[in-house]
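To start, I am sharing the structure in question, which I have written as structure tokens.
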């Protein structure tokens, strides 16, 4: 098996390569921005229309009170989880291959949350009163209903967004200092402010690491709880197909799944566009793919649990709904979801395919489509075919919903494109750490030194410095 | 008129702002004005002591949405009529109201009301003043040979009818055509011939078994609300059994314990077969019947009847069993029985069953003699329509006054009424809306709505104690240029210099006087003013009709041996509670209220049996073409098993070419393609006797229907128990 | 590895605690306390006039509303001692207080002060058979269903020790000191907080559907 | 609804449910609908339109399922009547009609999920919807097993009442703007005005005095409305209300997910009782001769 990363790569080259990605954009970049803006424009038009006219043109109806908006909301929330997985979970379990790719994954977390957070606002009938969900002191003495999962959502998402944004920012401070040191003009000023006076001295590093670890530990339960809370939007309800006990782990697994798939997509795109072949290497891609495959299997397992618990359960209506999903009007989408979510990931089990970048690009996109379908299949069939037979109805979303859903991809893309030009999308200092680490791991003595440091509390200055940063 | 304006001052509309009337609810910031001084408040000039702003007051009146004459209580607040409820004092509806009655406010507030008189100048109608309009009438009618004038109306009664008669007589005409497409003229004739009372009182509440041949008594037959009130008692323990025999399931059929589909036109055979089965068990039942009737009954044994009607023999046995066991029973016949060329005989056969079962005098009671024949209802059906078309075609009429009826809409195309009407020199429409007939008129007189006008009404079907129902204005007229019918009639009578009418300034004064002139027995010693006030308060005036006796003549009637034409599709123009004959198509509430059976809204549809659907290769929602000898209509189908495979049912009421924004251009009118067959003995239109061809079209899945699943999917939303369980648990209660 | 799972063993800075203890808590306490003081002082102030009632707190600077006739409330209420409910007669039996019918004005003013210009204007309206187009001063949003009837019952008719002559003091809870105004103008906010505080102080109902239907 | 109110409400609810009583409720409005009498005529539905300012949405919006009918008549055919017509050629037993309005559940599933507490339980046992607090998350409707909550997908009022139709609007309750959830209120404006009137006269509300529009107009009196609490309160001398009598006669009790009927043949039942929503509307089973 080849190495994760070329250990002989020069640190200066790392700086050079990464900083190159942040230089003045080329034509392709502007085209991509234009494309995203174009998509976003659709959403803006649709949203203005919807704001003025009401939720009717979106083809929301009785009983389809929710539809694509909520499905897409869960989709984006789910995607956000992988950033945390890579940066926090893999961080504390010392999987250092994450280092070249965690930065953009973390950025993805923040931006998907920023996208997801828009959907509850968009889908609300009177969005100008959105803030009533938040508890604030008011003359009228009214508070939100703390029993409602939607209120929990509001807390969970805003906490998660704040924390992940902080985590992203904090983790990139040493890199921002590098940017500051090599930037000119307005950029220099910008990075001077952003890097918060980072000098890279010993004390700063010590505090930095503590804070970073603390944040990582904080983020992990947060990430798990956020999607559990989102799942409780459904799980605490009484409706067949929603009232499922396994929903929290199911949602979290689905979230990690779609997140990993999205990481593969972005991985490949960044690798291609910014020539990050040295850092985003095939072995790392393979590892990510294996991780995705594992999660896919967990997801499949939970899916089977969900179906079988309905099947063995007492609730005939839930059973009918499940059968309707298998055979009813939503069957094509349902089976597409099963195929894309549970069958297609087996391609990840083959090394040959894993190493084939175009194939992985296609597969990752399809996996994401599958996960989006999954969310839709959770939300909509239950609305269509629940308890009251008189309210059984199938309604397909209208252009308004589709435009807004498409626009959300434009919005996410736009944020991400801005990000890659402002914050290094590969963590320079951690790649250096990784290389340094790998290079010396071979030599037992260094490993011993490190071991001693951890246990004997020898001063950190004994270890070879990282003054190169 | 000034007198009346003062009288009505209490009904004046108060300022909107004063009490926040239109509440454009929930704060899009633009819809709430909170700035001080933006809204106006208007006070009364002189207060009426019992009117309190912000508090609703109830006034009694009468519902004119159909001819049943239910009593109303109207809730009035700040001079606006807000809601109609049933008047508990009225023996007709006993405080209840159907959907059409509830929607009376939307007739009144309809945005498509006519607001000013219009006269035809050239091809179009142009506004004229009332004075011009009345003088136009005067000039057209002066010197008119008497019989060249005619009234063409729907059911009318009370003092309006008196004034109409007076006017007609002042010209010297005897022509008054009364047209109702939803009628029971044939049954009235049979009742008259066999019982000696055209409209006896039916006691559903006393009956233990009701066998109904196409009489949709819960929906559109006679007095639906009253029937429903009695039906509730009928269903209480000991619970009565309802059997409905008809080709297309009506609302009543949907509530039947046993719904029997028969081939169109074979209801009489079913009735005779039931009589046959009854006599087989107990031959004494036929004692005293004339030979002809016995022969008829013997002609249909169960097997034969089952073959002809298409109903299972078991059903005939079961029905006769119930009728034999439980007494008294009630057999009635409605539209689908009457509406054939042999309709009279079919109805007579059902009445024969009543006689055999001894129901006369038990569940069919005499309605007595109404003491004011001049106020009684002028009823009619479709014979008058046919006669009218003929008279028009023969150029016998120069001046026709239309009121209520809309013959251009309801007449079959083959009658050619629309073209023939051009032969009438001067057509006057007393109308609230620009309907199809009003559009053809030379002079359009905009009327007050029923909630703005005075009047008295005597329903044709008087259940229980007979009453004169009082109509009083619940609101100040919405439009200055509209007038009350009675007021216009008085003006015209004054112009005619008819004796006895010159003293009345308006219709209100006339009515006051008419009530003062009522016999003292009705007043119970009250002064005229007290009597008037009490009548106004109660909304009805009960009159004693005395005891009457019904005869039980078995008349001579005959039924074709096999009245059905097998293998042909029959068009059933079904009446539905809501649209009625189409007069309510302009009421948005009723357009949006799903049909009780098919749950279709805002449209027409065709009901077909799954057999037929399979033959045509269509499913619910697809459109089919229905072609008769006189035209074609296209409608989406509703496929279900509540219809005989030989029948295609299309509801009446839609397919207006005019009649305002809610009615116009919506659905199809099945009446248009009816063949011009007439009932043999009465000359009424045989509206169920049209044969049609059907074919599929390319339109698919285009029906707007309420509701998802057609079944409960085994979920216990509605649970059903059998009657013996009910008798066990609640029999004593 | 550089990182280990050891958690920071440092201590919270004293500076933060000092800030909280010495500045934040006392100032918050002071703020709340003084607010309570102000509120209760306001409440205690009006206690004497209407027994068993805590008047609502709040002020509002309303616009002057031009009326067709500049009706002098002060002359009628303060000088001539006419009870509010004499003219706003519906208040005790209806949700709305109502504007007196023109005939009521004319009941007195066909003989009293007929030469005054305002009365002449009124007479003109009366003779034209049209009521003066008054403008609404006190208004609540359309989704608020306030009822005068119940409030008068609570504060006037069911209120032991309350003199009906003092009804203007009760009206003043929400309408301000109308008896010293000429044309009425809005001096109370009449918003939900205003209502809520009064309902809290007087133990009024807290069911949303009481007012919002 | 303040924070303390919510907590109080909730703890009271929990406390009350332990012994199945509703001691500190003023009233507990409930219904009994006799399906033996209901003829499915739609009068209740139109009466509801008239009383509650329900907008007419028109054909197009109706076809998209955006209609508002707080009181709707559901019509079902018997299962065999939709299948093969060799088994059943005709709908022999007619249609199954059921009027469905908000069931005013005591353990309403819509209430806990509203993020802004726009829907809550009133002290007279009603499931309230406060329009001006609603932000339109529509969660409540999704969580209603009966699907009896309706959403203003448009500003229907803009064209539902062209002049002068708007003069018919009932000023006692709001006209709803877009983005607001609404549902049957048991005609709370009528109930409350009756209650207020009784209070002004210092007397209890009489049975049959408060009537929602649907019960008032029902031609067969299939809908019976009244105070269910009279059954639970032995202190008042007021006679038991008609609706309480019916509930008792059919051995249906509030607060139970499954009724332990001594006579299992009694007709009373509540729709989806097993979901433990504890509705205040009891139906009496439909009766057919065979």
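A, B, C and D label the chains in the order they appear, each numbered from 1.
Here is the rule we use: a residue touches a chain if its C-beta (ideal position, glycine included) is under 8 Å from a C-beta of that chain, and two chains touch if they have at least 3 such contacts.
As the structure is a computational prediction, the values presented were derived from the model and not from experiment.
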* Structure fact -> Remove subunit B from consideration; what is left forms one piece
* Work out per-chain C-alpha centres and flag the one nearest the whole-protein C-alpha centre. => D
* Asked: So which chain is farthest from subunit B, going by the mean of the CA atoms in each chain?
  -> A
* Chain centre separation (subunit B, subunit D; CA means) in Å -> 31
* **Between subunit D and subunit C, distance of the C-alpha-averaged centres to the nearest whole Å** => 36
* From the C-alpha centre of subunit A to that of subunit D, how far is it in Å? -> 44
* Asked: What is the distance, in whole Å, between the centres of subunit B and subunit C, each centre taken as the mean of its C-alpha atoms?
  -> 55
* Structure fact -> Multi-chain touching residues of subunit C, meaning two or more other chains, are 141-143
* **For subunit A, residues contacting two or more additional chains** => 126, 141, 387-391, 393
* Multi-chain contact residues (two or more partners), subunit D -> 1-2, 67, 72, 74, 76, 131-134, 155, 173-175, 178-180, 272
* Work through the pairs of chains, note which ones touch, and then classify the graph as line, ring, star, complete or other. => complete
* Asked: Hey, which residues of subunit C end up touching subunit B in the complex?
  -> 62-63, 65-66, 90, 93-96, 98-104, 126, 129-143, 185-186
* What residues on subunit A touch subunit B, complex-wise? -> 126, 128, 316-317, 320, 387-393
* In the complex of these two chains, what residues of subunit C are touching subunit A? -> 1-5, 7-8, 10, 191-193, 196, 200
* If you look only at subunit A, which of its residues touch subunit C in the complex? -> 91-92, 94, 138-141, 209-210, 212-214, 217, 433, 437, 450, 454, 463
* Structure fact -> subunit A contacts subunit D in the complex at 53-56, 59-66, 120, 123-127, 129-130, 132-133, 141-151, 154, 233, 236-239, 383, 386-391, 393, 395
